[in-house]
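Notes follow once the structure below has been shown.
Chain naming follows the written order as A, B, C and D, and within any one chain the residues start at number 1.
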Amino acid sequence: MKLDSMYQEVILDHYKHPHGRGLRDGDAEVHHVNPTCGDEITLRVKLDGSKIVDVSYEGQGCSISQASASVLNDLVVGRELEDALKVQEVFLELMQSKGKVEPDDAMEEVLEDAVAFAGVSKYPARVKCALLSWMAWKDATSQALANGTARETA
Amino acid sequence: MTPLHGLLDTEAIRKDFPILDRVVHDGKKIVYLDNAATSQKPRQVLDALNAYYERHNANVHRGVHVLAEEATALYEGARDKVAAFINAPSRDEVIFTKNASESLNLVANMLGWADEPYRVDRETEIVITEMEHHSNIVPWQLLSQRTGAKLKWFGLTDDGRLDLSDIEQVITEKTKIVSFTLVSNIMGTINPVDAIVRRAQDVGALVLIDASQAAPHMPLDVQALGADFVAFTGHKMCGPTGIGVLWGRQELLEDLPPFLGGGEMIETVSMHSSTYAPAPHKFEAGTPPIAQAVGLGAAVDYLSAIGMDKIEAHEHAITEYAVKRLLEVPDLRIIGPMTAEDRGAAISFVLGDIHPHDVGQVLDEQGIAVRVGHHCARPVCLRYGIPADHAGVVLSVLHPRGGRRPRRGAGARTELFRLSWAQRVRADW
Amino acid sequence: MTPLHGLLDTEAIRKDFPILDRVVHDGKKIVYLDNAATSQKPRQVLDALNAYYERHNANVHRGVHVLAEEATALYEGARDKVAAFINAPSRDEVIFTKNASESLNLVANMLGWADEPYRVDRETEIVITEMEHHSNIVPWQLLSQRTGAKLKWFGLTDDGRLDLSDIEQVITEKTKIVSFTLVSNIMGTINPVDAIVRRAQDVGALVLIDASQAAPHMPLDVQALGADFVAFTGHKMCGPTGIGVLWGRQELLEDLPPFLGGGEMIETVSMHSSTYAPAPHKFEAGTPPIAQAVGLGAAVDYLSAIGMDKIEAHEHAITEYAVKRLLEVPDLRIIGPMTAEDRGAAISFVLGDIHPHDVGQVLDEQGIAVRVGHHCARPVCLRYGIPADHAGVVLSVLHPRGGRRPRRGAGARTELFRLSWAQRVRADW
Amino acid sequence: MKLDSMYQEVILDHYKHPHGRGLRDGDAEVHHVNPTCGDEITLRVKLDGSKIVDVSYEGQGCSISQASASVLNDLVVGRELEDALKVQEVFLELMQSKGKVEPDDAMEEVLEDAVAFAGVSKYPARVKCALLSWMAWKDATSQALANGTARETA
């Protein structure tokens, strides 16, 4: 059954036991909404130079959108921004693959638990759910960087 | 199981809908329960579209050649059909728009630019309800922001009805327009038109009825409704996309100012000023949705041939049945009326704490198409304490899906949650 | 006769258009020269419409079921196609409307409700031209009446061109918007975009180009035009009725307020207020013309497969020929440019003092469909001293009618007037 | 050729030599336009009690619309209002017949030259041209009557 691939144990696990959930101190906060289905996320990032110190969030939505935020937290916190952005690109590629990319070992190395979302990429309406937190994170990061620069040059 | 009475011959009707032969997900024939969002189109409507484009296509009201005359006759003929379908006193009261949203915005805009006594401004009030579709909320919010008029609304009771207990405070001497839906697209509630129209007339307010969810499901008689304007949309009533209707009382259409300006809606134009053609053309700027009007005319013929009273009876029977069976599903909560009384065939529910997206996806795998999310009526979700993203699932039947659908639909669903989702996910959590 | 160069294989193209087999008036195959009013539709577009309705129909952006995903992919895919067709920097800059008139009204309304620096009010000026279609005149008259802004326009020269000699007085520091047509629907004139855009940019005015008569006939590159908004309509470019396009620069679409309110265009709604989805959805309230967008996508594919540059070359050749031959007809006066330079394929003429209705009727009897009357551009008729009811006949060719048409069209006409009308009526008077 | 039936000599004759054209004194004046094609007519009626003393007009338009005004003048001037309205009804019936009514002697008796318009009824776009002056006349007449009553009761 195709559904099995979408509702991977991994995803359900992250949904039930989200990692890093809750709002903590940050350099920038964003609120993103998926207008077609109402999934919401409020997300903060805290940077130290180019290092991601924390990504904290609160949200409401389906198993996919909530699990994806938890996986995001796993994959980027503690990383250099540059590396995290690479992970994000690979995840985006996978999600936009329309079910045609079969994750190989190299991809699994990069994406870890996030490869479980491969099955989601077949369902365009759900891809947005999976990407919601990642888009929010990118947005918050650029705001944090802009704030940082503003402060430095002020 | 108890036999249902007053059903249509849905096996015969099914055959008119080519899309119902569509097979999805490894061989499952589609079960389409998403009619509140849009209906499917019978062969008869598609044939009318093709005949129009293949034999008669031309711009209307403009040429003296054969095609132009034929296209004009077909387009205006569709207006006659729609006028008869809603029992309009005059065909000239039927305005073609692109969808119900445009019809509703058209009224809001006319009133914003109107002279007295219609003019909506900072001294006046607008009344809607908490169960409106976004298309009957946002135009009034915009009008209120732009004119300074106060926007008020009726709240809802716990069982999904309008709370009219404070009607005298809500609709007052200051009210210029009361706009509400005849049937809720999310809860299926049928609203008490008479009480609202009576109060509006007492204070001299205009009444606009959003009949988008009523037109496909029951006889619609604009004279019996007693409203000043009635709006609905073609694609939900077996017609094409890209066509809507606004019916309005003739005197009002004469008095009120135009909305969009352009070709077709003018009488004479100079660079300095223009005069406008009489209604309905005054409100139909530019090349109208010609083929779509012709298609809507065919849809109206199709529905009338079945009989709107029979469709209503059929839907009532299966709604009654479906509500009963759904309530047997463990942890299922219906949002809206729990009986078939004064309710249409849209049924909204939440299932425990399972997110509706997840429910929708599981149903889709079975070939069952339902709506999930806020259904373009987010305030309703907020009202019932359901997070906006958790608004539930609507299954809405239109006659061709009826008869066997609730049985199989509800059955499939129950089973599905029991066997697959519930076992897999809920038992486990 | 001189052979024409650069012609398309119109015999092959004809076969794509089912309506061209239509026979009228006792066995005459139709000769369709009314493309300025609306074009005919190739089989490929009708097939796309049928495939949509028979296999994929659902509402867009809302569901998680298969049909909803397919319909959304098809609808958004059409947006990609249109974006590529006009070389838009981003697909999100392409807004689907119901026709060009709505696109033009949309801009007028946005500017009326906008904040500074875009806001049109009593301190500001709007500039159009005397050769606009009514759909690009009336919206600005309404905006001017409603905001108090001053409406100004460029006049015309005797040979049917814009008179830009006083451009510095017409477009001034007070000008907020300049809106003009790229190609005249009545005279065929192609207007000098660069000069107008440059002046508008100098004074910081926005530019809206009405490309309704350009999109079907020449390559359209919104970046090369340098305008802020470009509007056109589907039914004139082999697409269905009920669909139009507004392209706008992304920053503007972000900054400007919405026009119609409703489903699809919102981000979140409460009874008190709403926030809007990003463009293009912000400007697409309600269920969009889904099937019509899909049909327009197929039309764009069809035109692109022929090649817009080839279509342009073909039309240029036959226009040159047709103008020459028409001028040989005694008493025939062309309204508009008398050469093929900077002109499209619409040719307007009057024939002595014969009323154009009578001319149109005589042509119709021969199976030749042309437009007569004021062509929704009455100021042009006034300008050239033709009584409004006497505006002449437009014959407008779109590629599939070309090649042999001017020969037969012009030939038939000459002959007709000589033998039938002229002998019967004019000789006699 | 079908056209012959539409462009009857009679119509062309009225077009070339219109009867009663020009604006003269009247009790009411109206201006009617056919917005789709731009035909225009300005028309005045003069009544004496229930008798139609004059119908004067100026107009612009195709042969059909102009000839029709000339025929109107022939048929109603000098008549009792009631009789003229009967003629108008018969003419309207003929024009709305879509080419299906073949005028008989009785009809010809009533309509005189106006039977020549029978061929026009096959062309919906032209029917409006033929009816323009007749509609203007009806409108002007009811205004004249209203004015008259107003004066009497004043």
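Please note the rule applied: a residue touches a chain if its C-beta (ideal position, glycine included) is under 8 Å from a C-beta of that chain, and two chains touch if they have at least 3 such contacts.
Because the structure is a prediction, the values reported are computed rather than measured.
Look at where the CA atoms of chain A average out and do the same for chain B: the two points lie 38 Å apart. One simple way to say how far apart two chains are is to compare their mean CA positions; for chain A and chain C this gives 45 Å. Once the centre of each chain is set as its mean CA position, chain A and chain D turn out to be 77 Å apart. Shown for chain D are the residues in touch with two or more other chains, namely 36-38, 123, 126. Annotation for chain B: residues touching 2 or more other chains are 25, 62-64, 68, 266, 268, 357, 361, 372-373, 378, 388. Because contacts link the chains in a way that matches no line, ring, star or complete pattern, their graph is best described as other. Pairs of chains meeting the touch criterion: A-B, A-C, B-C, B-D, C-D. Within the complex, the chain B residues that touch chain D are 61-64, 68-69, 72-73, 266-268, 277, 281. Listed in rising order, the residues of chain C touching chain D in the complex are 25-26, 355-358, 361-362, 365, 372-374, 378, 381, 387-391, 420, 424-425, 428-429.
Of all residues in chain A, those touching chain B in their complex are 1-3, 6-7, 12, 16, 34, 36-40, 60-64, 123, 126, 129. Those residues of chain C that touch chain B in the complex are listed here as 18-19, 22, 24-25, 30, 32, 34, 37-38, 40-41, 46, 49-50, 53-59, 62-68, 98-102, 104-105, 108, 113, 130, 133-142, 146, 151, 153, 233, 235, 240-244, 258, 260-266, 268-271, 273-274, 285-292, 357, 360-361, 363-364, 368-373, 376, 378-379, 382, 388. Note for the complex: chain A touches chain C at residues 33, 35-38, 123-126.
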